[in-house]
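Two complexes follow with subunit A in common, the first pairing it with subunit B and the second with subunit C.
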Partner chain A sequence: MEFDFKHLGFTLLGLLIVLNWGLLMSALMQKIGARVARRIGIRLYQPWIDLIKNYAIRSQISHGIMFYLGPVFRFSGGVGIFLFMPLIVGSVMWSNYSFQGDLVLIMYFQFFGMLGMALGAGESGHPNSAIGISRGLAQFTAIEAPLTLAIISLAIQYNTLSIVDIVEAQQGGIQNWSAWTNPFATIAGMLAALGSMGHSPFNLVKAPNEIPIGPPTEYHGTFLGVLRTNAAILHVMEAALFMNLFFGGANNWFEFILKTFLIYFWSVFVGVVFPRFRIEQSVAWFFKIPLIAGVVAIILFM
Partner chain B sequence: MSFLNLKADRSKYPQRDADGKMQIDLDSHKFVKLWQGPNHPGVTGNMSVELTLAGDEIVEAKTHVGYLHRGFEKLIERRLFIQGMQTSIRMCVAEPDSNEYVYCTAIEELSNVEIPEMAKWIRTLILEMARLQSLVRVVPGQAGTFGLGLGVQWGVYMRELILDRFEELTGGRVYHMFMTPGGVRGLLPDGFKTRMEENLKEIESFAHRIDDLIFNNVVFKKRAVDTAVIDPSWIDNYGITGFVARSAGFNRDVRKSFPYLIYDQLDFEPKVMEYSDIYNRAKVRWFDILTTVDLIRQIMRKMPEKGDFKAQTPNVLHWTAPKGETYVRSESSRGEYGMYVVTDGTNKPRRVNLRGVSYTHAICVLEDLLVGVNIADVAAVMVSLQTCPPEIER
Partner chain C sequence: MSDEKNKFENPDYAKRTVIGPDGKSFVVDPMQDYFLDARPKVYEPVSIPVVEKFLNWARSESLWVLGFGTGCGSIEIPPLMTPRFDAFRFGVQSRATPRQSNVFIISGYLSIKTLKRVVRSYEQMQNPKYVLALGSCTINGGMYFDSYNTINRLDHYIPVDVYVAGCMPRPEALLAGFNKLKSLIREGKAENGNKYVKDFDWYKANQKKIIKDWNMPDYNW
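On to the complex of A and B.
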């Protein structure tokens, strides 16, 4: 394959759009949550100010090279998902490098970021980090189980692991979406989405008052900036993944923005009215209805 | 789905010695020592809990105070009676009016001052308003310890409504000092009752929304039910009072057992439940919100419109009290709140000692209650006891 600078330019432009949409979306969600709680909420441009402020601050404390590489690994995971995720159906330029990867690669990049954070946080030597790591990896493993089953079901249904092929198979009308043709995989996937988006009731990993403070205090300054940048990209990309798998992908940027907003809003909508599970409760929850839905989805297409 | 019951079996590990005490050897590397607090979002106020963990389960807990010590009692003992007011109220920021009441009443009893009837009604109104602003904050706050921030925000909003009325009545939002030795500082402003009734209606409406949001919430139930259960045998052994005792089936309420002010003229029955876990300790306080709303309505309906609100008292700069001692108690939102004051005939108290509710609940009870609890629930257990550290190190 020839290296195409034009394609690279569109990919970087796409990354810029996704980053800014992720920041705006997080501000919108916070605003919606605030209005439910009878508050005014933050200004819509606050995430940009936070990001600039974070990048302007240097950390004075050193915990070793692995500690610093944690956010870098996390960021690589987020960007990795972006690079192999098609954004707009049928557009070569807005498909990034999706033709070179498939769902297995996306799943790997999801876990890669978590492992990077685990290594980095472990290097800090703080007992809270060990608790946070064990919680985070335990929960993420539980989330992956129904999501993997849903993806296997889709792979059987469409006879491919390529996201581009899965999206194209859903074109032609809303009735062709996996949400209707494979509802059990969609249930398993969307319930897993609740966990992967990091809102209540599955956000004990970074719960401030339930011990492991997590990235906001372990990492600060530029490192926190890197993590927040990654979070903005990752949230959009996770929503885009579920959009591509279950809701027919997007034919233009407007559709992309609308669908990713609604999918991300799903986790906020649930999270705003629920407290959080403890980790063992969260693991048990994912091993019940979502897992059963995933198994049923596979059985139906075998 | 019993195979998903992941609770650890502690019957064999950690090993116990002959008298049942756990053998915890930190050098074995099977345990982790972790401090929660003093600066931690999961700790209510300035105290810390030293936790020993096996996995993420607490096997030993020790409470530590001493981060706040300002010597409230000694500060009062070195000041004129009237100057003690501003110090006494700071012994519990969340509900300072109980301090006002017990301190003023102690001075009045020792000085043989009888306060007017109108002052009794207004003091009762203030105490119930203080109870309400405290309860509407902490009941949703219980869900906040599990990450349900929406309830907390609603609680803050409800509290603001009452603080508006406090500001109108007393000029202050958090600290009021409307009670003063000999009575109160004034009558209710014009239209106060109407505005208070509007606030009460809104709070009642929110209280029912809180019921739906929290007490009918499946995740809240999963975390709060059967967590940190208080055995009924602890109630008398530890001296547990207030809502904690009532949630365990003991009808302990100073307003009923030792009526003061005009509580004997009010019709109310504090809620009693049978099983003191986090859920019921929150629920009994939710019932207390409704009871308090009703009490405020009764007070506003029955209280006289006009009347003397302050007794004739000596000049506060030259006020002396004869030799004597007294113990005054009141029912705060957390339980029995008392003050023991000794006077020696001078213009300052000889000895002041506060019986803060948290002294019992947040030291001895908390240490035992945390054993066997998941580390993620420490904050919830502390809030379920409505811990207020300044009462401990006063």
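On to the complex of A and C.
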């Protein structure tokens, strides 16, 4: 594929839209959580102010080179997923660079950010960071098992690992979505989604009232700003991944926003109802129903 | 290092030579390895007034409070964040780590033992940082004015931006204190993080006068 400035412009514009939608969505979800607790909650523009405030912190301290690189790795993980994720079906410009990548690459980018963050937070030397990392990696490994099985099942079903092809195979009505044609993979994937979104009951890693804040304990100012920018992009992108895999992708931006909202809302909906798991409970949970659903999905399409 | 000071020091923190698992010996100095004790620096505001004004507005609308309850006043913090008063509406959120916080609420009396932790936590917060002192105890000692192990005036030890008087001040008073702090930040008058650095020696002398078992570096960020 030749280098095209117009394509690059559309990709950057898409990144901007996704970033702002991610920030708005996180504010909406906090607002929903607050209403469940009978509070009014934060203002809708609070995430933007928090970002500006964090970038405007004057003094920053470093614990070493990896401490600097941790947020950079995490951010490149989030942007990497964005670059290879088709946003709108059939649109060349809004498909980013998805033709050059596939599902395996996106799975890799998901883990890449985690590992970079683990190295960076590890160098900060804070014991809470180290505990948070070990818990986070253990939980993410448990999440990967059903998620990978669901993705392999889809790959067998559609005979491809390209997300673009998987989305295009689901066009032509709700009955063609993977959610109907491959329900067990959808169950495994959406239960794994609960974990990868990081809401309660699987928010042990980053919950402020557990080991304080977890891996980013020592991160502040611009470091934290980069992490939060990435979190906004990553949340939309994870919702977009599940949208593309199981719910037929999006034909326009309205559909994109509606579907990503609902998929993200699914984790918040579960989160406000169920209390937090301990780490051994959450790891064990992923090895029960989600894993069995994933194995069944594989067996059905063998 | 005087002998009197050594008396209080934990032997685990002493400088010593250790033989590692590979048979090589190396020197461990935990006081230097665990802490950085460089002198703090003054961070001047941005010189363009419009930019600084905008940033100050953002700072005032996003106050992250360090969850550190020092005295009985910390009982007023939970109602502040829960449905009755819901401080999230005003951009006040709590953080569990001093690195990410901007506002330090000293909630009530401070025993000398706690003061040591307060100084460390305050120094770990990043500039700009603000202190909100809650209750009469932080102003003049309050009902503990003649106690043997509490301090009387907080601003001898760390600079204070806003005092909220009362015993105990209710959450409404705390919210009023937050509003006062916000207007101070917007006017650019909340520069106590820099004031602490400029009067560093005075604050340190005061702290050392009252904390007898000073077994940490002078400045530990």
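One rule holds in what follows: the second predicted complex is superposed on the first by the 295 of 302 C-alpha atoms of A that agree within 3 Å, B and C clash if a C-alpha of one lies under 4 Å from a C-alpha of the other, contacts with A are read in each partner's own complex, and residues count from 1 in each chain.
Quick note on the criterion: a contact is a pair of C-beta atoms (placed from the backbone, for glycine too) under 8 Å apart; a residue touches a chain by one contact, two chains touch by 3 or more.
Just so it is clear, the model here is predicted, and its values are computed rather than measured.
A.B. asks: Once the structures are superposed on A, label A:58 by its partner contacts, choosing first (subunit B), second (subunit C), both or neither.
C.D. replies: Once the two structures are laid over each other on A, A:58 reaches subunit C alone.
A.B. asks: In the overlaid three-chain picture, which partner chain does A:127 touch, first (subunit B) or second (subunit C), both, or neither?
C.D. replies: First partner only.
A.B. asks: Figure out whether A:203 sits in contact with subunit B (first) or subunit C (second), or with both, or with neither.
C.D. replies: first
A.B. asks: Determine, under the contact definition given at the top, whether A:273 touches first (subunit B), second (subunit C), both, or neither.
C.D. replies: first
A.B. asks: Figure out whether A:39 sits in contact with subunit B (first) or subunit C (second), or with both, or with neither.
C.D. replies: Both partners.
A.B. asks: If we overlay the two complexes on their shared chain A, which of subunit B and subunit C does A:287 touch? Say first, second, both or neither.
C.D. replies: In the superposed model, A:287 contacts subunit B only, not subunit C.
A.B. asks: Check subunit A for residues that touch subunit B in one structure and subunit C in the other, and list them.
C.D. replies: Looking at subunit A, the two contact sets intersect at 37-39, 128, 208-209.
A.B. asks: For the complex, give me every residue of subunit A touching subunit C.
C.D. replies: Touch list, subunit A to subunit C: 34, 37-43, 46, 49-50, 52-53, 56-61, 128, 208-209, 212-213, 216-221, 224.
A.B. asks: Residues of subunit B touching subunit A in their complex?
C.D. replies: 1, 4, 6-7, 32, 34, 36, 40-42, 56, 143, 145-150, 153-154, 157, 213, 217, 219-220, 222-223, 374-379
A.B. asks: List the residues on subunit C that touch subunit A in their complex, please.
C.D. replies: It is residues 36, 41, 43, 45, 55, 58-59, 61-62, 67, 82-83, 86, 88-89, 91, 93-97, 99-100, 102, 126-128, 221 of subunit C that touch subunit A.
A.B. asks: Sort out for me which residues of subunit A touch subunit B in the complex.
C.D. replies: These residues of subunit A touch subunit B: 33, 36-39, 127-128, 130-131, 134-135, 200-201, 203-204, 207-211, 272-281, 283-284, 287-288.
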